[in-house]
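Following are the structures in question.
Two complexes follow with chain A in common, the first pairing it with chain B and the second with chain C.
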Partner chain A sequence: MKGYEINVHHITRVEGHGNVVVNVRDGRIEDLRLEIVEAPRFFEVMLEGRKWDEAASITARICGICAIGHTMASILASEDALGIVPDEETKLLRKLLIDGETIQSHILHLYFLVAPDFFNVGSVIPLAGTHPEVVKRALRLKKLGNEICEILAGRKIHPIGVLPGGFARWPLPEEILRVRKILEDARPDLEATVELFKTLKMPELERKTEYVALKAPGEYAFYTGDIASSLGKVTPPQTYLDRISERVVSHSAAKHVKAQAESYAVGARARLNINHEMLRPWAKGVLKALGLKPPLTNPFHNNTAQLIEVLHCYENAIEMCDELLARKGYVHRMKQPTKYGRGAGASEVPRGVLFHDYTLDADGRITKANCIIPTGQNLANIEADMHTLVGQMAGREPQEIQRGLEMLVRAYDPCISCATHFLEVRFV
Partner chain B sequence: MVDRTRDDGARSSKTLVLGIGNLLLGDEGFGIHAVRRLRDEGLPDGVDLEDGGTGGVDLLDRMAGYGRVVLIDAIRVGRDSAPVSAEAGFGDRGSRAVGGAASEGDRPRAPAPGDVVVFRLNTVELENPDPRFSLHETSLGGLLRLAASLRIQLPEIDVVGFVPAAIAWSDALSPLGSAAIEVALARVRELLAGRV
Partner chain C sequence: MPGRSRLLLQRGQEGEGGALMKPKLGVFSFTSCEGCQLTILNLEDQMLDLLGAVEIVNFREAIDDRRNDYDVAFVEGSITTPEEVEEVQAIRGRAKILVAIGACATIGGINALKNRHDLATTKQKVYGDGARHFPSEPTRRVRDVVPVDYEMHGCPIDKIELVRVTKSLLLGQIPLPSEHALCTECKQRVNVCLYDKGICCIGPIVRSGCGAICPAFGEACVACRGFLSHPNIASMVEILKSKGLSRAEVEDRLTQFNSLTPVDLSPYYLS
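And now, the complex of A and B:
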């Protein structure tokens, strides 16, 4: 392998700013880094000093894509700290919201960030020119998640009614029926999505690693569950600090995280590898039709796992609607705090398991907050995969290797939530 | 599913005031703070108000069905930008013009942090309109190009832009941002009344 250098400043089509640096000399990798700035540490400081009932609305603003997920982890941590156990109906409605968000987040990632690689275009914009129906379909499916959020949680994004103890407003049966109808109407678009992504062949890359995801009895866990590892351990969310450890690495502003092995993966592929037996029938059938058998050891199949999860969440959401509609006569009452203490919550957001941990003082104010995001947990694993990929592609042109590395990083769907979106203008 | 992203031909007469931004990043949340104030103070009949947050590509859907949108957002002005008529807010002391035709004495200059600038979107060059198109970082320029590729007719968009003074993790505006809110709200009302 000859020597070469790759220096990608700001990888395109990932959420936030990521740089890739690779330096190979005489066939030896001398330097290989993925640099992604991790911002939520500052967010923890913002929570400190706030009353417990402010945390959910602040966390809902972290991100426009996984606002429901951040809100869920936040209220689960709060409820643990407040001694609140939500009722079953509240859990059903929360799961329905999560399904809607997961569908829209995965769909946008697959269509807007992943598909352009396979159509050999730089972004979704030329794709919109050559394949407008594909992009319009993505926008319709994206809207589905927003509509569900608006009907059930009061706003299209950044929900306002999802709180510790329950919902500020419980939806009417006709509103749940409307959600069900929106879901049913989306089926042809989802079928077309399956047909499209079936034709996209993921690059080959095999590397064994540890997978970490939540596990709950009788379901494919998104809402919450115990922390499960492919290496065998299952413990409650409150043990997260015993299960994972963060370490500072010299080349990255973000800490690296390890569990039992040197690195681990979270996200759709990890969830699927741990919970695949609990997939709903359509999702399970498509996975089989694709000829894939878990565990999926190719990181590029995180994209495929997202596709499968879209179908699962679709089926699950309809089931949640039916279960909620069957609870005739249910009257929703917010549960109130019984104590102020410390609590931890874990929820599966589109990009993997998210932990929130709050300590409350005697007045119910947050004195300490900790938040561990999925992308931070994946960093060490992405770098390990990059090493394998660079070795596997030895002898290929640096541009080709660079493209492979960028596609690999994108497959993990990394995200930082501090990205600004200024309108950049030049007056003429 | 009804496709509301399609081109419906004739423009609607409805107007939307849309504030966007990240409420947790100081002045980046200027548009959201402005929407909250407008919600408290009320708007003329027939004008809708929305807090667009960091909705990214959702904005296309938000704007669908409107003939006109007044967009309130933080703006970043290109280094070689031409001088414009801009305003800086001074809280209780009102506002003053700091350049352009409206100024008296001050030389026109490029907008600076703390300024409020009003312009029609199609009169400016949008910088960096595409290459880093992603879900959170969706630039409005990228969205406009996407809409054009999909032949989606967008409303006329007037921008009440604020040049941020402080971007940091905070859900409060900087002192310059707080002062500029009054100017921005006045400009929004003037736009709605057809006086700009």
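And now, the complex of A and C:
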């Protein structure tokens, strides 16, 4: 097998539109690209001139899957720009919402997008006939995350009333109790999920790279934190521009087989590699039982890291409910802006760290906005892994290689509709 | 609505060997956040029934198969590139019924904010010298490009409405879109009107169907389901003015989702 071409137009079971293009001649990779072909949306420009209180609602629409994550990064950036410090209860409720979204998003990815590869089917639909229990369990678990968000913020896709300064409506104690009960009831399904994923063997692929995730004292950071890298530095979110550099990569000028060592990974695997000591007990125990020791250097283990995070978020969510319930007599009041300036916020969304950055004028209108999306940060790293995989699979049938590449891209859970501006981001 | 005569989908058409054929559904996505198609995947309680009633033949986000013999096409997203124009035309050509789903597809939604800016400058700002690689046209609704049989509004669409409309389509019927103001649903839900809490809301001019979910969670409606066909703009603007909103603030509310349905405010601001 000397030469072959792979051309996957609109890879399935990922968010958004992407193509995988590989061209091998005489055993050499001449061309290898993960093309992002989603229509550009220009959120940074759409935000210009809008009032600060619209930013969360507008930017949630960057992505339906991680709408809560975008809302969080947006309100963190706004609060920084407005001089608002949210109270502790507000933070607890925000963290509970994030747990709900993370569970929902990871379950969707693991069961609906990834599992079909391991059952050798094209989608979850045939599994409804052959493995109805698996599909029903998947639906129940996915609903769990959605329900938590629906009870607390009306919707999981584009939450309502989650604003800079607090919540437009604070949930009643019985609603938090209901969330807690829904969580408790899901435990057997999660145990069965662990058993199922124990039986799925991830393909082998090893490549050293850099991992970037947020780090916060005393917890496995999701809500916010400082920017941390496996190569050492820890700095506040506001320094993000000093730490990463963006550049436009045209999808036609793809001959650039660029310096791959400059790539880095974000997402569940990166978070786990950086924060695994802060995992809650069940999650930590299962990671150990699976025989895995961080750092996880196989990109396919992003799937495993997602499973571990589902368990962590589950335990964390119950803890958040208990903490909120313990604060009897708390009356929520929205905090008001004390200034209009510039602010940046960082939050961990299911696919990795997300940055929002707004500058406000004297009327509180946005004059400049920037959003840096996890999938954009992962692109260079995915391509680097694709290179390694193609090399490793040399001599195999092109269909097999193609399948391997699709599974690899899918493992990153890329969210292409999120990558509003397909800039590659490099860590410096 | 255009195209109505050629709708009627017959349930239980006979296929080969006398077996009943399920209607075939395709789900397509253009410029969007994919939240509306995700709402379909979020029908956890109805999913297995849905899969029993229709055959999903094209749904890139969820399945590998991509066939073109669908009867019904659900189309999410605004149309913003030449490639999308061609694709949506091809889908229209194949589908007996085309349903636009979500604000991006029905009213332009958040995507239409782009049209308030000069496109060339916008591209230059975001992509710099790379701008030429990314074709982009002004945002259009689906019905600006091809005939649409039904519009399911919302950002995102509402699950209950999704089930109701899908059932009607399976019975060969096209439901009528709501022409009641959001306030009627808000009252049914016994929400306290936000005006009583000092918050301005444009519910009186907005098409209902979401169950007034935003006021129920403390936030003002921003018309993601679009305006009524004959909204009383004059009295809406009078109310907002009387509550102290500036012209720019009134415009914010009317444009967040509805920049493609511009409202001329000059008659109300004579100064």
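Just so we're on the same page, the second predicted complex is superposed on the first by the 399 of 428 C-alpha atoms of A that agree within 3 Å, B and C clash if a C-alpha of one lies under 4 Å from a C-alpha of the other, contacts with A are read in each partner's own complex, and residues count from 1 in each chain.
Just so it is clear, a contact is a pair of C-beta atoms (placed from the backbone, for glycine too) under 8 Å apart; a residue touches a chain by one contact, two chains touch by 3 or more.
This one's a predicted model, so the numbers in the text were calculated from it and none came from an experiment.
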First, second, both or neither for A:Asn23, with chain B first and chain C second: neither
Chain B versus chain C as contact partner of A:Ile65, first or second or both or neither: both
Touching partner for A:Thr367 - first (chain B), second (chain C), both, neither: neither
Partner chain in contact with A:Lys51 - chain B first, chain C second, else both or neither: second
Touching partner for A:Arg140 - first (chain B), second (chain C), both, neither: both
Partner chain(s) touched by A:Thr239 [first = chain B, second = chain C, both, neither]: neither
Partner chain(s) touched by A:Thr297 [first = chain B, second = chain C, both, neither]: neither
Partner chain in contact with A:Ala186 - chain B first, chain C second, else both or neither: first
Chain B versus chain C as contact partner of A:Ser123, first or second or both or neither: both
Touching both chain C and chain B, counted on chain A across the two superposed complexes: 10, 12-16, 39, 42, 45-46, 58, 61-65, 67, 108, 112-113, 122-125, 128, 135-136, 139-140, 142-143, 146, 155-158, 417, 421
Residue ranges of chain A in contact with chain C within the complex: 10, 12-17, 38-42, 44-46, 48-51, 54, 57-58, 61-65, 67, 108, 112-113, 116, 122-125, 128, 135-136, 139-140, 142-143, 146, 153-158, 160-161, 163, 167-169, 248-252, 417, 421
Footprint of chain B on chain A - complex, ascending: 10, 12-16, 39, 42-43, 45-46, 58, 61-65, 67, 105, 108-109, 112-113, 122-126, 128-129, 132, 135-136, 139-140, 142-144, 146, 155-158, 182, 185-186, 189, 415, 417-428
Of chain B, residues touching chain A in the complex: 1, 3-6, 20-25, 28, 51, 53-58, 60-62, 71, 73-78, 80-84, 110-111, 119, 124-128, 130-142, 145-146, 149-151, 159, 161, 164, 167-171
Touching residues on chain C, where the partner in the complex is chain A: 29-39, 41-42, 44-45, 47-48, 51, 56, 59-66, 80-81, 83-84, 109-111, 113-114, 116-117, 122-123, 125-130, 133-134, 136, 155-156, 213-214, 216-219, 222, 249, 252, 256
